[in-house]
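In the part that follows, the structures are each spelled out as structure tokens.
Same chain, two partners: chain A is paired with chain B first, then with chain C.
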Partner chain A sequence: MASLDVNPAAISLQADLRRRRFTKMGLIWLAVLLFIGWCVSGTIIADTDWSRIGGRSGVLASIGRYLTLDIGLFPELIIPTLETFMMACVGTVLGCFFSLPVAWLGAANVTPSKTILYPIGRFLMVLSRSVHEIVWALIFVSAVGLGALPGILAIAMRSVGFISKITAEAIENIDAKPVEAIRAVGGNQFQVMYYGILPQIYPVVLATVIFEWDINIRRSAVMGLVGAGGLGLLFFRQMNSFNYGGVSMVILAILLLIVLGEVISHYLRKAVI
Partner chain B sequence: MNVLEVSDLKVRYSAKGPEILKGIDFEVKDDDFLAIIGPSGAGKSTLIRAVNRLVEPTGGRITLLGEDVRNLNPRQLRGLRRNVGMIFQEFNLINRMSVMDNVLSGRLGYTGNLRSLFRAFPQSDVNQALYYLDRVGLSDHINKRADELSGGQRQRVGIARALMQRPKLLLLDEPTSALDPKISREVMHLIRDIALELKVPALCNIHDVQLAKEFCNRIIGMQDGIKKFDGATETLRDADLEEIYAMEVL
Partner chain C sequence: MTEQAITAKLPSNGPTWSRYRYPESLYRFGTLLVVVLFLGYSLHFLNVDIAKLIGALGRLVGVVSDRYYPPDLEYVLDRGYLAAILDTLQMSFLGSFAGVCLAVPLAWFSAGNVTPHRVMFPVGRLGVISCRAIHETIWTILFVSVLGFGMLAGVSALTMFCIGFAGKLFADEIEAIDMGPVEAMQSAGANPLQVFLFAVVPQVRVAFTGIAIYTWDVAFRAATVVGFFGGGGMGWYLKRNVQQLENLRVAAIILSIIAMVLIAEFLSGYLRSAVNRAK
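This part shows the complex of A and B:
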């Protein structure tokens, strides 16, 4: 091969750059490994009661207990499963309802006041998401008592953050031209939103709501752990009475419900988009 | 009689920003089809939007249909806007709505919130929409979605929507810029014929000087926020055009 006429300075510069990148990547990986090692030693090594785990067979036997199904529990499962499903649905609808004003406040281009209400809207979005659904459920159980209602409220509160954030972002990204047209025909604020903004954002919002509903089925299934209705309560009772086959039955019901939600949301999303 | 009188109109978009309109005077008579020509950035779009306060003027006086536009409260302003049909360069349709609903949206200024919510426009509005859709040649596309139409068809929807307002003035913001030359001519023909038929004056931004000469009875030439020419179409000389477009780099 004929030798190519290349500036030697350029060659050494390339070699230098490559060497430096190599060193940098090495250091980053080393730092990541050290960090993970530190976490493992702090949690698993220091924080586990190794003497109580016993032998390998003991661990396997404990897990094996869950590999039975208490078919007799089936009749008791139907109502809680249905309740779980209903809680997810009502909670999502309620969450959408709460999301509307929050999105309105938190979208920079439509908020009534950029200095006061916009930050409030943004704060509500963060608040909703930064509090776990179980914590929301605990709050509402103590406020309105046991049952499905606190679960529904918890799911609604937890849903607001995501739905309103995506909605607000969709509002911020709209095409201003139809809005201008509705203003030009003498439309009022409501008409501008309903005709100029809503048609542009509703596919995004609908897809988000379906996604959130799918997640809410999962959330709804654990609400009962703190007394807020649904399958979780049954799960809790089976666990407390050491009925491992019953626990597995409840888990199976949750699994089937989630698969059902997955399938429904798949087709709904297809219908929307 | 003057439908619109504008004097010493000034606009700047922000307190420290440049002045886009630097004191414009003109009037539109009730039989005018008035063209505003000028290079891009001359302030044509701003001027037309200042007339119905889609853009807030920062100085001067606008008298539209006998009302002092700058002194209207929001409700009065909406009432005035109902009388001014606007046609846009990019059509400004609601893409996900049907052609019919887009045309009916021209009546929103006359429609209450409850009716708006359910798109329950009065039968008379629907009849009127059918009439204008026929007039602009879209009878076969009434129930299509607006984004299924071609550019020329979309602009016809825009025209029908403006006519639904039973406007007393038409504001046209580059109605043909997004269309090819043949369709542009057809659309201008349609707008002018309808304007004559309904006896509605029009104020039309247009950068195609040829179209302006062909369709408009008067021409205003703008350059950098200042009016450079104002006169009957026949009086526009090549020298005037050269002055208007002097700063345009070709």
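This part shows the complex of A and C:
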């Protein structure tokens, strides 16, 4: 029965550890809550004009305006919805083209120069992700003018970061044996890439691109807010003419488009993997 | 063996090797053709000028060096702008905290394996999907129209964004847990809340903390632009200077956004690795 004997020292040690962990978690939570309290007092309490909102009835009245749908807007929705969808598709494909060289520069094992070009590739990935799509769209509207083109370019630039980062990681994790084998039988640089690297990274990259396409539909729906066509432009116009029922219709169209995109991407990803 | 002898041995028009066999290669070609045709039609439908598209990146470089250089760095070191950065930071914290708190129950409802009731499942799913589907800028505009300009609208919009973002990741995490403890507690007669608290939470605690930190990182990126539509913070300065065509100041603001996002990303990466180490 010796094995059932419990060591009192071990029990007290465990209780001690548990107490210490408990205190530590408590301190972390206290710090977080104090910080949140500071944020609330700094932003919401100091910055909000409660009288202007008009109390609960005011808020309910403003929400109520959105609840009557403007069904008459339906025929005007079809073309912007198509535009939004196409902008997302073209933007994603263009983003793939842009991410190819970036991924090539930013993958440690295939980069042409590790000292100069590798950091540049990494920097481009971070740059693309850290600038919000609205900011990209603003820059491109000032560079190429209004229309669908700045939206497409903004979506492409914003997608580069994620796609090229995942692609570069996939390239870094490949099995080197096929590459060596192709080189050993005399394959040139292009053949090494096409037959050695591409088949290994292809499923990962395609799944990433489909995922990004799904997100890009969401992004292309707001490009119109800064002058780049699609559903965002219609949303902006309805909002500016205070046609709240029309705003709700546009939002429903966006929801429908996104659910559709999610379903398509679900099946595509299943087909790829 | 000479070269001629080798070539003589091979059949003159034998099978040449190709990566894909006949039906598969046809399907692949067909898919590619459809995609290319669709893209071409899209470019036509959207009235995109191909020459402009090809020259766009060159034009971007030209425009940036012409109009946006040198950035007016003094403007972003001004006291008012630094206060706006602090506001943005506070907004992102509040939004992600509230969003993560609300996302946990929604994720619990929308996880197929531990959902408390059949009716709760679609409620949770629909809540998360509709928060995710609508872009944060649209949420901002809607909240501004209901709550007026200011940071309350920005925080609410970020909260919705974070519910959508964190809710999906949380639900995925819950669906991947080990079902052993859950079944053990259910067979001992625990109610769904007890199952969630004592069988699910201990398994996903560390992952949830990491996701919450990541959510803050992403929410900060979104918080830099909610001000553009009236939500307060850095975005409001961006909007004002864009409308006044103060391009040098816009360039400085964009640079400051990039710098802040980089700091946030570094911080969140550090915190996430610290959480993983302390597990």
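Following the convention adopted for this analysis, the second predicted complex is superposed on the first by the 261 of 273 C-alpha atoms of A that agree within 3 Å, B and C clash if a C-alpha of one lies under 4 Å from a C-alpha of the other, contacts with A are read in each partner's own complex, and residues count from 1 in each chain.
The rule is short, and it goes like this: contacts are C-beta pairs under 8 Å (C-beta built on N, C-alpha and C of every residue); 3 or more make two chains touch, one makes a residue touch a chain.
On a predicted model such as this, the values are computed, not experimentally measured, just so you know.
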item: First, second, both or neither for A:Y195, with chain B first and chain C second; value: both
item: Partner chain in contact with A:L153 - chain B first, chain C second, else both or neither; value: second
item: Chain touching more of chain A, residue-wise (chain B, chain C); value: C
item: Chain B versus chain C as contact partner of A:C39, first or second or both or neither; value: second
item: Which of chain B and chain C A:F140 touches, first, second, both or neither; value: second
item: Touched partner set for A:M239, first chain B, second chain C, both or neither; value: second
item: Chain B versus chain C as contact partner of A:G186, first or second or both or neither; value: first
item: Partner chain in contact with A:S62 - chain B first, chain C second, else both or neither; value: second
item: First, second, both or neither for A:I174, with chain B first and chain C second; value: neither
item: Interface residues of chain A shared between complexes with chain B and chain C; value: 195, 199
item: Chain A residues within the chain C interface of the complex; value: 32, 35-36, 38-40, 42-44, 47-49, 52-53, 59, 62-63, 66, 82-83, 86-87, 89-90, 93, 126-127, 130-132, 134-135, 138-140, 142-144, 147-149, 152-153, 195, 199, 218-219, 221-222, 225, 229, 235, 239, 244, 247, 251, 254-255, 258-259, 262
item: Residue ranges of chain A in contact with chain B within the complex; value: 177-178, 180-188, 190-191, 194-196, 199-200, 202-203
item: Interface residues, chain C side, partner chain A - complex; value: 19, 38-39, 42-43, 45-49, 52-53, 56, 59-60, 63-64, 67, 86-87, 90-91, 93-94, 97, 129-130, 133-135, 137-138, 141-142, 145-148, 150-152, 155, 221-222, 224-225, 228-229, 232, 238, 242, 247, 250, 254, 257-258, 261-262, 265
item: Chain B residues touching chain A - in the complex, by the definition given at the top; value: 52, 54, 78-82, 84, 86, 88, 90-97, 105-111, 113, 116-117, 161, 165, 171
